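Labels A, B and C are assigned to the chains in the order they are written; within every chain, residues are numbered from 1.
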Amino acid sequence: LGIPQYTSGRYYEHTPVGVVNGLAYTPKGGHSFYIETIAEEGKPVSGTPPRLRTTGKLGEVMLESSSIAYTFAKNFLYFIDPNNNFFETHNLHMHFPEGAIPKEGPSAGIAIVTSLLSLALNEPALNNLGMTGEVTITGKVLPIGGVKEKTIGAKRSSLKTIIFPATNRVHFEELASYVKEGIDVQYASDYKDVFVLAFPNKKDLLENAIQ
Amino acid sequence: LGIPQYTSGRYYEHTPVGVVNGLAYTPKGGHSFYIETIAEEGKPVSGTPPRLRTTGKLGEVMLESSSIAYTFAKNFLYFIDPNNNFFETHNLHMHFPEGAIPKEGPSAGIAIVTSLLSLALNEPALNNLGMTGEVTITGKVLPIGGVKEKTIGAKRSSLKTIIFPATNRVHFEELASYVKEGIDVQYASDYKDVFVLAFPNKKDLLENAIQ
Amino acid sequence: LGIPQYTSGRYYEHTPVGVVNGLAYTPKGGHSFYIETIAEEGKPVSGTPPRLRTTGKLGEVMLESSSIAYTFAKNFLYFIDPNNNFFETHNLHMHFPEGAIPKEGPSAGIAIVTSLLSLALNEPALNNLGMTGEVTITGKVLPIGGVKEKTIGAKRSSLKTIIFPATNRVHFEELASYVKEGIDVQYASDYKDVFVLAFPNKKDLLENAIQ
């Protein structure tokens, strides 16, 4: 039978706070998938740092990617909103449905950061937005593979906007017109670029912090 | 020799608080199985969070599924009954008899949540009810496999009602009439749908919380 | 498909505080890579020591190398700047992009120390500087392999200066002229030699400590 494939399709019409569309590809094609993060009931135990628990059959690189994204999201939130103590006061649980499908690689980085910030800011990400890109601990956005498959998968899920790493622009532009048409593609070289696209109502926070 | 098969049959006439019927299938057919959860004697150690211990030869995905269900059940209980501090004050032990049979996959998700909530609310689930469905950390119910086998297995155990994921409706409806007859099938796309079916006496809690 | 290769190229024009260029080589050639360290938001939990978390698919030797570098950097900082309590008051997260590429070996030692000291001193390392060398727990710099490949990789990334271990001088000098030209090569036998090259504005700290 082999490795299970994504079967559930899209099950949010509007992604709520904490939920973001990632983009993946396998030898069988590309697809969108959800990243869901919630705050766990109950305060972190006094004397232990708050933590991010992850589930969804994640491989080693993806676990590290979650750790990087968590560290970065905490620092980024402090940069744009120093009085927001959400991450210090909550344990988080991030799940990648569907639970039987192995998930690996660093390319969900910017989507994981966005899921965490959505929850911390209590602001849903722009609807019908999908994104893919490795993130570094300083917020740089690094290239990913599968631009063609991810574009097709995003359109199949009726996403309207995709964010790709800026260094992948060349890969998108060389695609056939029929693949490129019908979706708005944006590029990011730094997580700041992702933030203003994903949270248009919150971009003042970032602009004020930069000044 | 080979992998052990379920042999014990049904051993509760009325499932008590904390016990729920799940539905599984293997290449040899479908069957119902019990999920049993009890509160452990003794309070959680001060300064350590309460926990859910699991036994029953669970595979990696099923262990993660239990973790997701536990997080979700705590948040769901807080949503419907914020003064209920059961999960904060008890360590839990969830067992999946028969202990020699390996169990894997995410499809027990809604049944695990229901077992936990039954215990927390001190309310038995509807009798003669079986259920199967993956649950996400936000409570969405995702499709499962083996609709035909699970239906046959549920009827063999004299269950009267099955809950399937809404996205599996098509799979049930295409079954032969002699398979479909003699059992009441309900569908759930969100755990809220499961809750009102499993706990008819508690549905006011949910309705009041939603308003 | 095989093992993923570095693809992102150079993405900092000026390396910020905490970021240093290392040099690596594989059977497919040499390249520069970034080491990125940041201080995590939130103070270390009272009663637990501050720590360095590492990510980036590091092998066992490289994990130990990070541990050695962390111990050495704390002692070295105390030697040159005893009032600087940065390492006592911050948890650190060091990441080696790109996350899917396995990284192994001790040769990033001096670069890891430099990344840590850059952060503690709030001083960026000299720009366009790359370095490679194993470091011992007392600060001695030991030889590395791949001098030719690393030189070529550094030039491809437009680095202007490389630090090699002094014991590798013979390996550099035997290279063809066209490989050697166009880059300034410096040698280090002790981390002190690295420090004055990487942090020219801070060399007084070291000179005062030595007297």
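Everything that follows uses one rule, which is that contacts are C-beta pairs under 8 Å (C-beta built on N, C-alpha and C of every residue); 3 or more make two chains touch, one makes a residue touch a chain.
Because the structure is a prediction, the values reported are computed rather than measured.
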item: Arrangement of touching chains [line / ring / star / complete / other]; value: line
item: Cα superposition angle of subunit B on its copy subunit C, in degrees to the nearest 5; value: 120
item: Centre-most chain [mean C-alpha coordinates]; value: A
item: Interface residue overlap between copies subunit A and subunit C, same or different (over half shared); value: different
item: Centroid distance [mean C-alpha coordinates] between subunit B and subunit A, Å; value: 30
item: Mean-CA-position distance for subunit C and subunit B (Å); value: 52
item: Subunit A-subunit C separation of Cα centroids, rounded to whole Å; value: 30
item: Two or more partner chains touched - positions in subunit A; value: 47
item: In the complex with subunit B, residue positions of subunit A that touch it; value: 7-9, 11-12, 16, 18-19, 34, 36-38, 40-42, 45-47, 53, 55-57, 93-95, 97-100
item: Residues of subunit A touching subunit C in the complex; value: 47-49, 60-61, 64-65, 67-68, 71-72, 74-75, 77-78, 87-88, 105-106, 109, 134, 136-138, 140, 142-143, 167, 189
